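Here come two complexes built around chain A, the first alongside chain B, the second alongside chain C.
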Partner chain A sequence: MQDLLRRYGPGLTLIMGLMVAFWLLMLVIIPNMTLFEQSFRPYLPVREVGGPNDTYSLDNYLKVFDGTIERSFLGFTFQIPVHVLTFWLTIWYSMVVTVICFFMAYPLAYYMAKIVNPRSLPTLILLLFIPLWVSEVLRAFAWWIILAFRGPLNWLLLNLGLIEDPIRWTNMGYTGVVIGLIYTYVLFMLFPIYNAIQSLDTNQIEAAEDLGAPWWKIHWRIVLPHSKPGIAAGSVMVFMLSAGSLLVPSILGSTTSQWFTQTINQWFNDALDWNTASAYAFLLLLLCTLFVSLAMWVFRVKLSDIAK
Partner chain B sequence: MNFRGTSQTMSAGIDLENVCCDFGTFRAVDNANVSIRPGEFFSFLGPSGCGKTTILRMVSGFIEPTQGVIRIGGEDVRGKRPNQRPTALIFQNLALFPLMPIWENITFGLEVRGVDKASRRKRAEELLQLVDLPGAAEKMVSQLSGGQKQRVAIARALAVEPQVMLLDEPLSALDLKLRQHMRAELRAIQQRTGVTFIYITHDQGEALAMSDRVGVMSQGRIQQIADPREIYNNPVNGFVASFVGENNIFKGEVQQAADGMASFSTPHGTFRARLGDLGGRDGKLYVRPEHTVISVAAEAENSVPVTITDVSFEGNFITVHATGDSGIHLTAEIRNDGSATMPDRGTRAYMAFDPARAAILPDANVRG
Partner chain C sequence: MKHSTSAFSRRRFLQGSAAGAGILAAPAIISSKALASSGEVNFTGWAGYPALAEKVFPAFEAATGIKVNFKELPDQDTMFGEARVALEAGGIDVIEPTIDRVGAWHANGLLGAWDESKLAMDNYLPGLADGAAGERSRPDGVLKYVPSNWGTEALVVNTAEAKLSTPPSLGDLFNPENSVVVRPHSALAAMGRWLDATGKLPRPWMDGYTDMAAMTELWDIALAEAVKAKGNVVQWWSGENEANAGFIANGATVGLNWDSTGFNLRNEGFAYVAPVEGAFAWHQGFVLMKNAANVEQAHEFAKFVSTPEGAAGWASAFSSNPVAKGASDLMNPDVAAFYNATFNDEALSKLWWWPDQSAEFLARRAEYADKYRAA
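Let's look at the complex of A and B:
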């Protein structure tokens, strides 16, 4: 603050301080606090708002446990509340997306950081970025077309002789959603890992090889441990963005796929019950944060590593 | 996994036969021929960019020669990756693994070979003993000083029991005192283990002090291969003479040659000196400052009248700079035996040299 004052004078410092305060207060704190406060109040007709029935409770949060359905998994049959199931499937498939993104991004990141000729790197990065210039909606629809029953993917697989009958990709549970999310968020995995690997001294890779290590051992003992912060950062981003995505599940989802964000959206826009919707939104945020913290603890990653 | 101790077994010789290495149109190594004996401490000495590191990387397998054959222990190693060669490379920046404790660093090569953890741990202690660093096993790389890291790097390379150790200027990051200490240490480890050492350096003092033989390189070509004394006392060309020490240099022409001696006519007088192998090229006369003497009266031959311009006291010797009457700048070094007197600036004197200590040599052996 002292530094700012000395460098820019009181006038400019005041303006900057006010702008930061505006950002934090108006765009972050007030909207979230409003929703947070609402999430504890019942959904009432307008004239009862502020009346004797308008009291704080956890009822909205407990609604996730309403409406159990029967499911069987690995031979066990059990009763599970439908929204809890949606939540777990959202977490599970977000994890699947994260893991697949990692396996796609890591080799490419390594290639970009250590193998490719530095002169062709800008071209490569440009090629990777071009799809990002197109709106996310268009990209999701593009995949909708690619995955269509008479779409190009089925045509290709049929002509290659890999399948005998076309496949209904977008009607196979979460397949469409997972493909769409991977495509949308894989770069968020690629670049943190690329940065991490790039900072690895190439001599270390050569030293390991010189000491007799085969390629997989070099990756397992040298490159992967070094790039762990990058992998963690990428994973957190891909996981959170996937779990929080509404657009991709809405466009590429099937009749049997439900994303938790869609449930929240239904409370907001179909039921018009903003109170319950807020409660669900905070549940998603809280549980995802808990889940990520747990994963970071398991993999022994510190928050400060990721911030780098 | 017994350590070899003082035995001279297991080390391999290395032969480079007509080895060339091109990077695009640039020839980094040009027709290198050298035969390094098993158990020898061999140094490649040269300025940066002379191709010495390229030779090292070809021997270790990170670069394949464009032409020629490299043999390690008589076996052609063409197409073999670094992890299939009996060599261990010590990198200039050491390239220790910062995320592993010291003992895992040292035994990484054994881990790769599937040695169980208990034996690896035991071996790490033995090697730490060998490099005089006991008790560091559990430390992390970042906790060690420069010299200690150096020892860990040596231990890590020795752990895989290489037949050849390749060292890429490993001492360049250390300060002067430590560097001199590690020189002796490296030499001692080499003699204790009997492994062939190939040492890369641009520091002539290092190369001369440590090596059995030295290969001096310039612009991709090996200029001279000989033991350190021979390199210093009888350099084959001007590049070698200048790279390993200081010289007074006279330009001129060879007049009469007989019995390996020649008279050499220069604008500063005609001198007699040993005649090197000029190979049809022009030569210059080289004489080292410590072989140049100062006298009050003119000597019978090889004497130049000068005016002393500067005198600097260096401790173990005194450097005297002078300008000849014909304009040439000459330097003489007087050994400080405790009674040496310093001549005054501006004094008229003669600088002279023994014909046997001066040589007429061609410039460097480069493409032309």
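Let's look at the complex of A and C:
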């Protein structure tokens, strides 16, 4: 704050402070507080709002346990509330997306940071960035077209003689959603890892090679530990973005996939019950934050590591 | 010293330009308010029907001098959401929901009353604004809704590949030999009506729309049966584009879709067929917002759509049916031919109008749709 004041003077500092305050207050804090307050109140007709029935309770949050369905897994059958199941599947497939993104991004990040000729690096980064210039909606639709029953992928496989009947790619559980999410968010994994590996002194790798370490041991003992903050930052971003994505699961979802954000959206738009929808949204935020904190604790990553 | 003066003047410049921008923006803010009370009406309606803006609004403006500010929204759940916001913020005069939602809109205190003396109630075809529909348009005895067009949700079938029973039935949607494209809540209602027609329900399906205990009992049965048959669903649809893509790109052979889907696919080897149980029918129209700013213009607007010209234009834009007497003579002959091919007098007499669905019913219906999706 002192630095800011000395550099820009009181007038401009005040304007900047006010703009940041406006951003935080009007665009983040007040809307979220409104939803948070709404989430404890029942959904009532407008004329009854503020009346005797309009009391605070946890009912909206507890609706997540309503409506059990029967599922079977590994041969034994159990009852589970449908929204709990949806939530669990959302977390699970977000983890799958995160892990696959890591395995795709790590070799590429290493290649970009340590192997490729620095002169061709800008071209490579540009090539990677081009898909980001296209809107997320269009990219999801592009995958929908590719995977469609009468789409180019089936056409190609049929003509190559690899399959005899077209395959319903868009109707295989969460396949489409996972593909779409990986495509949309893999770069959020790539760049933090790239940054982390870049800061590693190449001499360390060469020293390990000179001492006769096999390539996998170099990665396991030197590169991976060094890039841990980058991996953690990338994983948190990919996981949170995936779990919170509505667009990709809506477009690429099959008839058996349901993302928790779609459930929230249904409460808003099909049931017109904004109160329960708010409660569900906060549940997602809270539980994902808890889950990420837990994962960071397990992998011994500190928040300050990521911020770097 | 010199440094600080230059910084000072830069700040002054920034402050000055910020204030300048505010002054420049002010007339726009003021004039949009100023215009709002003159010859225009703020209409929020359905997205994806470009003929409204291309043909109907210009004709309306030519006839009355009133300009239509059209905001397009994809579905009426979004419209409801916007209306709730507009109740506080203003900016909407007229919205176009379907009649089965009017009860919920009214219960939420969103609607103002239409003044019948400023409309032409005699223009409407019999059965649309009078009789049972008339009663549904008048919650608490006050006119809150006037029709704009009506249409159906029935079977879109691939004439070469679909396996249909004779006569075609809603049950064909649950035949494992067909690949189907449905929307969850309609599919459950179709299952319920099919079970009802084949005598497999303990009580009439209609009971579920008035009695929540009956609803749970009936929808539990429909859900269980629909889940058993779910394997043949290849895609959900919620709007026109998805429905279309379900047939063209994903190879569905039968669907429960709007008439506009059937119309758009009529030259692609698909037909639009009324099931023996009767096609689902809907009825949409105009409601006036409680805090509408342009009340006179809104009445002119609704009245225009009850004239033969306006009603025919509106129905053509939606590929649906007009509400005004004498409008069918002005319709696009393609649309008229399409309708006559599907609906003879018997099919028309069997139309099943979506009943009123309360807010509580909608919440439960969403829960059932959820379970059906997740199964």
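To be clear about the criterion, the second predicted complex is superposed on the first by the 301 of 308 C-alpha atoms of A that agree within 3 Å, B and C clash if a C-alpha of one lies under 4 Å from a C-alpha of the other, contacts with A are read in each partner's own complex, and residues count from 1 in each chain.
One rule holds for everything that comes next: a contact is a pair of C-beta atoms (placed from the backbone, for glycine too) under 8 Å apart; a residue touches a chain by one contact, two chains touch by 3 or more.
Quick caveat, the model's predicted, so the values are computed rather than measured.
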item	value
Combined model on chain A where chain B meets chain C, clash or fit	fit
Which of chain B and chain C A:74 touches, first, second, both or neither	neither
Which of chain B and chain C A:115 touches, first, second, both or neither	neither
Chain B versus chain C as contact partner of A:210, first or second or both or neither	first
Partner chain(s) touched by A:201 [first = chain B, second = chain C, both, neither]	first
Which of chain B and chain C A:162 touches, first, second, both or neither	neither
Chain B, chain C and vertex chain A (Cα centres) - angle in steps of 10°	150
Of chain C and chain B, partner touching more chain A residues	C
Partner chain(s) touched by A:221 [first = chain B, second = chain C, both, neither]	first
Lowest inter-chain C-alpha distance for chain C and chain B in the superposed arrangement, angstrom	43
Chain B and chain C contact sites that coincide on chain A, given as residue numbers	none
In the complex, chain A residues that touch chain B	201, 203-204, 206-214, 217, 221-222, 225-226
Sites on chain B touched by chain A in the complex	60-62, 81-83, 87-89, 91-93, 95-97, 99-100, 108-109, 111-113, 156-157, 160
In the complex with chain C, residue positions of chain A that touch it	8-9, 11-12, 15, 43, 45-47, 66-67, 69, 82-83, 85-86, 144-145, 148-151, 166, 168, 170-171, 255-256, 258, 263, 266-274
Chain A-touching residues of chain C, taken from the complex the two chains share	4, 7-8, 11, 14-15, 18, 75, 77-78, 80-81, 84, 87, 104, 107-110, 185, 230, 233-236, 245, 248-251, 359, 362-363, 365-367, 369-371, 373-375
